[in-house]
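Two complexes are shown next, each including chain A; its partner changes from chain B in the first to chain C in the second.
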Partner chain A sequence: MSATPAGYAEQAYSPSKKRSAIGAFIFELLKNKFLYLLALPGMIWFFVFAYLPMGGIIIAFQDFKAMQGIAGSEFVGLKNFRFFFRSNDWIQIVTNTLFLNVLFIVFNTLAAVAIAVMVTELGGKWFKKLTQSVMIFPHFLSWTVVAMFVMAFVATDGGFINQILSAFGIPPVQFLSSPEYWPFILVLLKIWHGAGFASIVYMATISGINPDIYESASIDGASRFQKIRFITLPLLKPTVILLLILAVGGIFNGDFGMIYAIIGRNPPLYPTTDVIDTYLFRAMMDLGDMSMSAAIGFMQSLIGFLLVLSVNAIAKKLAPESAIF
Partner chain B sequence: MKAKKWTTVVLSVALAGSLAACSGKNNETNAPAATDGNGSETPAAPKEVTLTGMLFGDAPKDLPLVLEEFEKRTKDTLNTKLEIQWNAPADHKQKVKLMMTAGEEVDFVFDADFQNLRELIPQGAYAQLDQYFNNDEYPGLKQAFSPEFIEMNKRYDNHLYTIPFTQYFYDIPVVYIRKDLRVKLGFAEPISSYDELQQYYEKVLASGEGITPLAVRGIGGFQEMLAPEREELDTVRPLNLGGITYFVHLSDDLKSVQNVLALGDPASEWAKLPAPFHTMKSTFAQYDKWAEWSKYLEKDVLSQKDHKAYFMSGKAASYYGTISSFAADRKLLQETLAGADLEFFVLKERIRNMEPKAIPTSYKANNSLAIPVSSKNIDRTMKFFDWLFQSRENHDLFEYGIEGKHWEPVGENQLKLLDESKNYIFPGYEFTWNPTMIRLPEDLEESARKYFEYSAQADTYYAPVLAKFAFDTANVKGEFANVQSKADPFIQTLKAGQVKDWEAEAVKLNGELNNLGLDTIRSEIKAQVQAYLDAGGK
Partner chain C sequence: MIKESLPDRLLKSLFYLTIGLFSVYCLLPFWSVVASSFASEASILKNGYTFWPKDFSLDAYKMIFSDNTIYRAYGVTTFVTVAGTVISMILTSALAYALSVKSVKYRNHIAFYVYFTMLFHGGLVATYLLISKYLDMKDTIWVLIIPSLLSAWNMFLLRNFFASIDDSIAESAKIDGANDVYILFRIILPISLPALATIGLFYALSYWNKWFDAVLYINDKDLYPLQYLIQRIMNNLDYINQISADVSIPNFIPPAMTVRLATTVVTIGPIVLLYPFLQKYFVKGLMVGAVKG
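And now, the complex of A and B:
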């Protein structure tokens, strides 16, 4: 007898399950309506400026003509992608892009973590604040301004470095026509420019670590170095991995603002500094074709997206708590 | 999952809808514009109209005053108000393109070959303006735009789509020289030949003060310097496309294309051309000179982004430029370096001697306005420009501002800028420039004035064969992009005189370019030039 009502209940349960799922969603919305309201402007922003324009990807597969619009332009399949791969230059350019970006990501992260750890270990509130500000400041200089500093340093005639070299009787180095120095110079600049700013996130994470942990470690006789090694760094790991995953998404995008401002159009340096974006700029100078530029941009984003997925998958295996999704 | 699908569907419908709406609006606005274009206006008291337009740059501060004065003067004749949107220079190109895509209404936009003109005209964005010029109903336009000027600014289908603006048809290339330094190094007279220029440079080097003899821009190099002085040949016409110079070889009757040559082609092909184009060495005689003269450039020349600033800081004895900036540059130099003075050496001999018919030109204006087909006020817009060019008085109001406040006329064709002129700096090249309405500053140096007057004379110019031909890249976009990106580093290095054995290098590059589609471009040029000739083009 008792089976019947249970069975009945079971039967009744499954159709109502769907209703309750929607119901639960509405209930959740109503319950936290103010929180969702708070998030709404941001969500609308993303929808309008990040999701809606994605429809524009279609012009990468079209021979886009402004007057015909997206609806009227001819569909040409993968034709817009072809020009990029026809010359063998793309291998060099893609290699440069990846190589420079990997260097940037690795060294910037290392420097940022090091800065964060060191600044938090500093005593003296005033000194700490000052150090921090000085290190963050370069982030607010535009690359165009930085480029002028760089020229003053590396110029062959009267450059700062060459003046020092000549004071020691060393012949001048022609930095501006020697591509081999530039990955090093660019990485150095990138660290100087961005590591201080990037360290803010890590400092915030460190200040979020429960001080009790440090305290008990001190009671157990841990040295300062041991505390960094066994407490700070392991607790920073999820943040580091998270930011790495995000950075990998842009690994196929050359930093045009930086490289074009500093290198400009200086052919002798192309072998190590020409990245996808600067190459594209030169190729499209006279054509200004939207479809071809969109095709390459789309390819960069797509590969970046796939890389994010795979790095995330790896992170999920190795350190599940730091994967994004 | 389902919800996601639905949002996608809704999204795409919304997108498609908005696009359809755009194109729909476009069609709608087309129809009345077309009828409007043919209808005639009653001359007395037309109804008030506001013309909206897009230019780029900063709006002159006193523009409202000028517009007020304009409206006061023309209340009973034009009854027109102007509303100009000033775009940031970097955005203007994209904004105009988007505006045309969206079919938004606007009555005039600045557009030029370096903007969207080449793309938007074939796509049908702009109205044909032929009927307004050389038409007695528009006397101002008739008087300011000669039939040849209009003829040469017509495009692909032999129609005019722009109101072309220019003062001169060529900006004379010069080398600007530090006059004080020249005198100091023992040259009593101004430099008047390349030989003297070279002697001057040698003296600068020998002086051991670390001054660079010649400053040029990294991406420009020597440009027009040391170019061979020779008569133009009707049968061999240079064509500059994407940084590469092609030579189009025409038959003697100028009716058919024989061949199209590019730098690095085999000697056997060059041999078929008449002298002096029968070898690469003689065709590009300046390249050896550039390599030789590269010792006068700074060591890091390829990375020089602002050679003028380099010169102004006193680090160079001369720099490459064009004559139009003489007055401003001289002022800048005198303000920057005490005791310094500027003079110039005109590069080309025939221009230096101010000979008639010395400058080949296509008479194409670099700058122009276009009127979108979607405008409902095409006639009224053209009436405005007709008014603008009817008299110096009207024209000068927009170009220089209010007389007595911003400027004062001096004689027939000079002016004196008053202190308030800093509040009214109008970009004439976007709106008002015309060869018949030039005023030179009264304090301009005599030597420069002569060359400005020379370049304003119609007799200075002539149109060579193929002057009007314009290449359309639409069919060879991929090849064009590949060839340009590959050739650009070499061309740039060559122009800065950094390639000694340029013949061998050029042959090597030519081989690589052929794999990237140089031949496709070549045959496209051939076909397009032939079609141009067949259609009666000269």
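And now, the complex of A and C:
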């Protein structure tokens, strides 16, 4: 397609219709040279910071030694993968990753949809604006800041929860050494941090619904609850499914930023909070085991990739409007 | 206007109540840290964290501002945020514009080249080795900027916006002899300001909140960004001992708790102050992305 006048002019002057493929390629580059030049820096960046690391996956199949580098290290086949699966750590971290992510996805989606539905039903303008601002705000804070907030609540000496417990004469709970509470705490934090922000997308979808539908439902005597149940929620479904697909694709990726900032290096909490990403990070930084870490990371990327493809294929069958590609 | 029935009004009241309570829940942790940071160390140690400082004290803030660590961290974070956002925006809009022009024959190939990086990545180890060993960027301020210059997600958001601009604008400029670079910077970008503001905010926020890259690549104390400083002082007492080293009172106990809280408050200060102005762009931008997506 050569929509520009310049394009027509150049084509008219080109002598032969049967240019070779390479000639056509160069011709296209020259015709849009400025546009390709604009794209070039970004493309180089993606090559260096996204594609070169993909080549680094080789490390997963090597006995990587920093001194010898990637070129000089010895190939060991699947030894790193076997090593990882020999210890029983992997069962715990994979379970934690999946369990926490399922909790996060389910509760965050429920909370975000609920907020979106409720806020759109609200009348008062200033109340709506104010509460919306407040609910989105936590998303702007980094997890390291959130970790400070968490301490104010769960600290054994002086934390709010233990202050309340002691007011009722209940002995303090040692949250920082009791792993059983943390999935619950992390879910509460996830909702706190992300539900308000996530609800914006659902609100946008609701605001796109034709108001006539609601009006004719009102004329037919539908109650507020019925309108939500039979109009809003069904029309939200494609958006919910689309975002669930995206989320499921990342289900093997633990939320490193959140968990490392909040839990940090606190081994008593690992039984419920150590995820693939935090484990990998420690294997790399503390043990210096580049090869095993790379093997774990490679499996994680590969599974995530296959998951996105398969979930998308399923979505295409069941709900074509929700498929990504 | 149809008058609302009783159950309808009850349901609406319930919504008001729920949203109100959830807003309080969102605000509470923030409020408690601000309030506790203004309490004296002794009262925090004795009574615990508080929602209302009984024994008002600015000691923690005085200590933070008497040491230059916080100013340095602010400087690092400000530089990273400003320089990073500017460069990110230039690269992102250049690539996004090229991919939005329909006469570019290979635009879908390039788009897939970028899209694939969202689906599959080389992982932490390879990235770490690349940056620290092969590019040798450890302990430079650029390590906080260059490896995060582009986000495929933001690029596609902006490309969708550019694609929605009427082609005839660029075409008529071409007839007048303008080249594509001129068209992008002098014609397209000026009419895309709302979209640029949104994407710019996404980038700025990610630079401002950056800390993990510092965990990996920064050992030099002078290059700590703010969020990393927070993470450090939560996990060790170096910073608190350092800033209380000058105090020459016998048996002085460093105010570890309140200094941590006050540093947190100082870190989020700019976000809180700018938030009312920034918020509408986030909402607007996400709405645009969602409707188009």
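Just so it is clear, the second predicted complex is superposed on the first by the 225 of 325 C-alpha atoms of A that agree within 3 Å, B and C clash if a C-alpha of one lies under 4 Å from a C-alpha of the other, contacts with A are read in each partner's own complex, and residues count from 1 in each chain.
The definition used in the following text is that a contact is a pair of C-beta atoms (placed from the backbone, for glycine too) under 8 Å apart; a residue touches a chain by one contact, two chains touch by 3 or more.
Quantities reported herein were computed from a predicted structural model and do not represent experimental measurements.
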item	value
Touched partner set for A:Val94, first chain B, second chain C, both or neither	neither
Partner chain(s) touched by A:Leu236 [first = chain B, second = chain C, both, neither]	neither
Partner chain in contact with A:Tyr270 - chain B first, chain C second, else both or neither	first
First (chain B), second (chain C), both or neither touched by A:Ala71	first
Partner chain(s) touched by A:Met258 [first = chain B, second = chain C, both, neither]	neither
Superposed model, chain A: greater residue contact from chain B or chain C	C
Contacts of A:Asn32 with chain B and chain C, given as first, second, both or neither	second
Partner chain(s) touched by A:Val201 [first = chain B, second = chain C, both, neither]	second
Which superposed partner A:Ser142 touches (first chain B, second chain C, both, neither)	second
Touched partner set for A:Glu121, first chain B, second chain C, both or neither	second
Contact residues common to both interfaces of chain A (with chain B and with chain C)	51-52, 55, 66, 69-70, 151, 155, 157-158, 264-265, 284-285, 290
Residues of chain A touching chain C in the complex	1-7, 28, 31-32, 34-39, 41-43, 45-46, 48-57, 59, 66, 69-70, 114-115, 118-119, 121-123, 127, 130-138, 140-142, 144-153, 155, 157-160, 162-163, 192, 196, 200-201, 203-205, 207-208, 218-219, 223-225, 239, 242, 249, 256-257, 260-261, 264-265, 277, 280-281, 284-285, 290, 293-294, 297-298, 300-302, 304-305, 308
Interface residues, chain C side, partner chain A - complex	2, 4-5, 7-8, 11-12, 15-16, 18-20, 22-23, 25-27, 29-30, 32-33, 36, 44-45, 47-49, 91-92, 94-95, 97-99, 101-106, 110, 113-114, 117, 119-130, 133, 146-147, 149-150, 152, 155, 167, 171, 174-175, 179-181, 184, 205, 208-212, 216, 227-228, 230-231, 234-235, 260-261, 264, 267-268, 271, 275-276, 279, 282-283, 286-287, 290-291, 293
Partner chain A, residues of chain B touching it in the complex	11-12, 15-16, 19-20, 22-23, 93, 97-98, 100-101, 116, 119-120, 123-125, 210, 212, 218-219, 241-243, 298-300, 302-303, 305, 473, 477-482, 484-486, 488-490, 492-493, 512, 515-517
Footprint of chain B on chain A - complex, ascending	51-52, 55, 65-72, 79, 82-83, 86-87, 89, 151, 155-158, 174, 176-177, 263-268, 270, 279, 282-290, 292
